[in-house]
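By written order: A, B, C, D, E, F, G and H. Residues from 1 in each chain.
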Amino acid sequence: VTDFVFDAAREARIGLPEAVYAEGKSVAQLAAILADATAHGRSLLLTRLDAAKRTQLDAPLDYDALSRTAYFGTPRPLAGPARVAVVSAGTSDAPVAHEAARTLRFHGEDVRIVGDVGVAGLWRLLARVDELRAMPVLIVAAGMDAALPSVVAGLVGGAIVAVPTSVGYGVAAGGRAALDALLASCAPGLAVVNIDNGYGAACAALRILNAPR
Amino acid sequence: VTDFVFDAAREARIGLPEAVYAEGKSVAQLAAILADATAHGRSLLLTRLDAAKRTQLDAPLDYDALSRTAYFGTPRPLAGPARVAVVSAGTSDAPVAHEAARTLRFHGEDVRIVGDVGVAGLWRLLARVDELRAMPVLIVAAGMDAALPSVVAGLVGGAIVAVPTSVGYGVAAGGRAALDALLASCAPGLAVVNIDNGYGAACAALRILNAPR
Amino acid sequence: VTDFVFDAAREARIGLPEAVYAEGKSVAQLAAILADATAHGRSLLLTRLDAAKRTQLDAPLDYDALSRTAYFGTPRPLAGPARVAVVSAGTSDAPVAHEAARTLRFHGEDVRIVGDVGVAGLWRLLARVDELRAMPVLIVAAGMDAALPSVVAGLVGGAIVAVPTSVGYGVAAGGRAALDALLASCAPGLAVVNIDNGYGAACAALRILNAPR
Amino acid sequence: VTDFVFDAAREARIGLPEAVYAEGKSVAQLAAILADATAHGRSLLLTRLDAAKRTQLDAPLDYDALSRTAYFGTPRPLAGPARVAVVSAGTSDAPVAHEAARTLRFHGEDVRIVGDVGVAGLWRLLARVDELRAMPVLIVAAGMDAALPSVVAGLVGGAIVAVPTSVGYGVAAGGRAALDALLASCAPGLAVVNIDNGYGAACAALRILNAPR
Amino acid sequence: VTDFVFDAAREARIGLPEAVYAEGKSVAQLAAILADATAHGRSLLLTRLDAAKRTQLDAPLDYDALSRTAYFGTPRPLAGPARVAVVSAGTSDAPVAHEAARTLRFHGEDVRIVGDVGVAGLWRLLARVDELRAMPVLIVAAGMDAALPSVVAGLVGGAIVAVPTSVGYGVAAGGRAALDALLASCAPGLAVVNIDNGYGAACAALRILNAPR
Amino acid sequence: VTDFVFDAAREARIGLPEAVYAEGKSVAQLAAILADATAHGRSLLLTRLDAAKRTQLDAPLDYDALSRTAYFGTPRPLAGPARVAVVSAGTSDAPVAHEAARTLRFHGEDVRIVGDVGVAGLWRLLARVDELRAMPVLIVAAGMDAALPSVVAGLVGGAIVAVPTSVGYGVAAGGRAALDALLASCAPGLAVVNIDNGYGAACAALRILNAPR
Amino acid sequence: VTDFVFDAAREARIGLPEAVYAEGKSVAQLAAILADATAHGRSLLLTRLDAAKRTQLDAPLDYDALSRTAYFGTPRPLAGPARVAVVSAGTSDAPVAHEAARTLRFHGEDVRIVGDVGVAGLWRLLARVDELRAMPVLIVAAGMDAALPSVVAGLVGGAIVAVPTSVGYGVAAGGRAALDALLASCAPGLAVVNIDNGYGAACAALRILNAPR
Amino acid sequence: VTDFVFDAAREARIGLPEAVYAEGKSVAQLAAILADATAHGRSLLLTRLDAAKRTQLDAPLDYDALSRTAYFGTPRPLAGPARVAVVSAGTSDAPVAHEAARTLRFHGEDVRIVGDVGVAGLWRLLARVDELRAMPVLIVAAGMDAALPSVVAGLVGGAIVAVPTSVGYGVAAGGRAALDALLASCAPGLAVVNIDNGYGAACAALRILNAPR
């Protein structure tokens, strides 16, 4: 039922094991992939797994509905205190922020979650600047005008991975306005990933933390 | 040389006299319009008048090269202290900010200019919040990610007219990213005009200040 | 179930209390927010609350299905006769127009509703010009080619907030054609908000009416 | 110097002789085409011929700089009083309006030109409605928000060919906003041609006037 | 339940009575409109009325499911033999072609329907050229690359109203590719309406046929 | 002055030697590349070399101004009669058609050039169908609505590589309308390359002709 | 129930019989087409036939759910060993790859399927280069960044038809990013078809294989 | 002549001093900024300074024409061996790659430059993989289809900042195709900056290298 060929050497090559992007895969295809993982004794991270498919999958999964992620098998143990902060502007950005957080924890990196600090109420962000300044990497998720990452980048010196979200309507719908605002940011050194790509932001953070020195 | 028919009744109808948009008009057309204004004893505001055309026009003009605006005849006297602040993010936004300021002064409204307060250096803006809170109307010009108006709108209660500018390159070029960010702003009550439209922002401010009560 | 942190100081800062944008929030999240409002004795405006969610919410709400808005608690009493006209081109624009009207009334501003005056039947608009000329602020909602606000702006001197709507198909679908027509308007001083953003138009009107003088 | 093969049978087939679109053709190519026309005794309409090229062409041409059109040889004599009105919103639309008018006159149709009747000063248009109602065909050129054709279409019953123009800046630049507004018009029966396509609008009018009955 | 104000004078003004665009209107709104028409003895054309709504409407309607149009009351009697051909490229374009045909017949104009003559099988079109050459007006509907109207316009001299359709996938989805191809056509005198706008094409044809002479 | 590293093994790998895309390269960079080719005894094809740069290059080049291509050294001898027809719609498409033809001849493939057969004068194309049916590969270049390749593909069975050109204005400007029309073509089996990419179309033809059997 | 006119001469003209694009056709229309095919003794390929419609069709079909294709009647017998490789980047591209494969097999061409060789795990592709180098034609399907066809084109000399797929989210959604990447490819001679157009890619391959020599 | 207010505290806040974006600034404005820097004893990096402006500036600058960058005053001394590789696909990407390199060196980070390793000649990249695997950060610049960063990301584990460039024509022009391909990459953990933003990529690299641990 599937052509899936697990890229088993990927972790050795680039430090990141292959994950399973569940959107567009059938339940039968996913079941075959999990069976293959069982046979080879591999743990797996699944992303974009909606609740209906999870119910149909007869497999032991640590499933999180908000982020639509699942852990199959055992995640890597947490290496120590959080080195990544996941910052988001509003409650609607939570699914993306939590996809990033769950991805990081699966790979053994704890995270600090800092939610609902959008710039319309700037005091909420300013109250937490010291905390954010201490973090090596910040993932900042924001939709609509995506002003938050620009403001954060003017306040802290850590590496920043900005994730535009598809939250909003009218010109904001789909996230292109947020994406373009982030790419055009007046604050220096923002690095950007695809719209709603919490998983990719986490991978970028892992590359930064685990890069050769 | 021109089909121009001055809409003399416009000021009586809507409180704003017709202005002359010089871009795309020939020197001969502009000269004919000024002759017509002289004949009828009208003062005129010209916008988007580039320096080359101004030189070719044999007419007494109060010309400002930065904003490419010219006053022909006498502007209305200033009515009192500034009721409009013109706020801009960076020096590159100055032409747009000054087009707004020159338009307002031509119509008798003084302005307070607050330049170079982009959010990458947030302290510059925070230092002037009290001053901005006292103004009935704020015109805020910003290009690139246009995060400034959203932050301002979270800090003050006055009417805000946001002007996206075409400053920037890549996804910012042309100003569409700035425009969309402003329309998608998470801060409530931002009103937006066309890209680089300092003149239109000033007209919106004049409508607000002169509306019937 | 929610990261929601009410920005309680917003009303003091900018004159507008925080509202709850219900789209994309679960019933559980909304219930938690209402419980929090009850605990702190706050009234709340909810926008984009669809009928299905409203039915699931076990809470006393003054709900309007057309505009998908709800009042939780007591709105501010109306301050006096209407200072804002909400003008719309066709019946399909009514949801947006009524979102604006409901937002204004929640904040104590009565409104005059002027519907179905699109420019294809110009006499309908011309018959009401005197009435519109007396209003300090006009919110004008129009989809498709959005010609109405331009025509209105050539006839009256009050402040105008134009709202493009997503009504239409083909090039009109989604409202981008209407939005661009409004931004490009030949009539001076139109201020524009996001597509279908009746709430934002109302907030802009409130800023205008309540600005410091 | 040219692959140009004159479609001599076109006029017999569809009633419109082939014209020469000069943009992108070299002076040598144009000279060869004119020599071919001389040899076959054909008159020719040239469009988009800029003044520099016209100067370099050593040929007897009736050249109009505003519309960038040229007549080579003798146009058809005018058939009678104008059956087409060419209406435009502002002086900047004149080049497009005159390209339409020159094309019509080359083919023997006189035109009535009605300029500078944009909707920001609606009285200018209303004063001429009776005149416009008598015309079989109206070509209406407008840029920016292109509201004029929609308003005209609500007032008169003749055939209407709307031409969006590229006049304007920001979202109006290039004419796409005007085009989309025309296609999305709320007024029934507007037919639209490409941006700045005065020639095409005239051809559409000729098809209408000369169609078999 | 509705703000609908029937523009009763429209037919006298422009020769076309107001029609009812049913998309986005509730069954209650439509019922109210039909009741109003009954009270005033008016016939009505309804467009974009889907089958589900039609079933819920308790009213005598001549309903056509393919075109989603309905006649309420008596259409105008047919004036004579068909003066309009409705040409389409493929079976998927039939709903748009039939919306045009039904609109014309409601207004008393018979039509000749010429279906499935797309240019991939050119012989099907060439076999019918003489028939098409005799028609005063041709409405040509085509999706995808919309090559058909260009080819037709090179073969016949009548007035041509081209309707792009939203048929297709990938770059064709939504009809923008077809629309742009029509506007960019190398054949002179094509007039274009909005995507899927069979109703508008019919109105344009009616303007052409009924224009003052 | 250049990082250029000639991919000498490319011809062995894929049958096509590396060519030099001159746009964006300085005269000094180009001179260095030619010196390198001289040293290694390689012939080179240069594309997009404008006349000004060619004049500044002190090197023996077989230069063609229309296509902006140059041969440095000896092209491969022609292998036999033309197996590729290069068909174009109008004279403005000639630069693209000739870039394809010059690329093919440099690689030893003769071409048949069939110009000015746009569909507005269909007889010109139909007169040459038999000739086109005999060709293994047809490169068809067309701008604006790009209807020609669709019509050709309905008439002949050979491989067809369609090249959209950037000829035109308004919605046609830049060639996106032509590109999308080609991709959306109703005729089966059109293969498409980038806008104005005559070089790429020729390479596709070479792959087809030289593919392993 | 259908205007469908089978283009029976198409196969003689261009070597490809007409296929039936089932999307947007009703079950009744499809049944009528199959009845017509039965009457004339024709086999038919149906594309984009979803499973629900297939169930409703009371006809003997060889249906493949993954590719949504059906064979009605007998396909042409396979002519010999595969001359086309269908290469795809990931499992999500399988429906498009199999639409191409099924189309080829219906026309008597066997195919070699090479799945899941995306460039993120380059070794999977490099392991199969020799096999790919022996094929006359390669169809390469890829979504998201569509890097695979560029890499393949740098490794093999056969004809390459690249198919962008609509797999992905954010900027990848809909397949425009993949399409543009393929058209802009730095590898020479890639020919491209519409997004998700496996059928068209197969037709292009058939033209290549069956072209006159 | 300038509103420029140097954000002197920026370096203390975020580790990056403010740089001067010279595009859109007049020579007089730039001279004033340099005078201010002299007065405060600050070194400055200028970006996007074209050669004409540099000639008019009467100031001691270390100017690099390829990258259009200038050092005013003394750069920070290099801290040690290169920790950043700047990788580019073709010679046309060199200006962007060198803007990144010059920015890094100004801030005391040496760089390794790896040019002309585009994927059309994959062996050039594979030969240098070991070298690239040793680097903590890789900046990868690529235009057109931008396939290079995806391939690199599948081969190495370091942090990757991808820079799309505006190199190319047709759909590649302006760099949007490259940008979207990078954001849609199938390789995990690519972080992206604006088109042609070599400066921003360098700042992202500096944030990564200097982040708190």
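Remarks
We adopt the following convention: a contact is a pair of C-beta atoms (placed from the backbone, for glycine too) under 8 Å apart; a residue touches a chain by one contact, two chains touch by 3 or more.
Fair warning: this is a prediction, and the values are worked out from it, not measured in the lab.
For the pairs C-E and E-F, the larger set of C-beta contacts lies at E-F. In this entry, D-E is the pair from B-D, D-E or F-H that repeats the interface of A-H, since more than half of their contact pairs coincide by residue number.
One simple way to say how far apart two chains are is to compare their mean CA positions; for chain A and chain B this gives 42 Å.
Work out the mean CA point of chain B and of chain F, and you get 49 Å between them. For chain H, residues touching at least two other chains, in rising order: 10, 120-121, 153-155, 170-172, 176, 179, 183-184, 188, 194-195.
Across the complex, chain G is touched by residues 88, 91-92, 94, 115-116, 120-121, 123-124, 167, 169-173 of chain E.
The touching residues of chain F, counted against chain E in their complex, run 89-90, 118-122, 144-147, 150-151, 153-155, 168, 170-172, 176-178, 180-188. Here chain C touches chain B in the complex through residues 10, 13-16, 19, 133-137, 153-161, 179, 183-184, 188-195, 199-200, 203-204, 206-208, 210-213, going by the rule given at the top.
Remark: chain E residues 2-5, 7, 9-10, 18, 21, 23-25, 29, 164, 166, 174-176, 179, 194-197 touch chain C in the complex.
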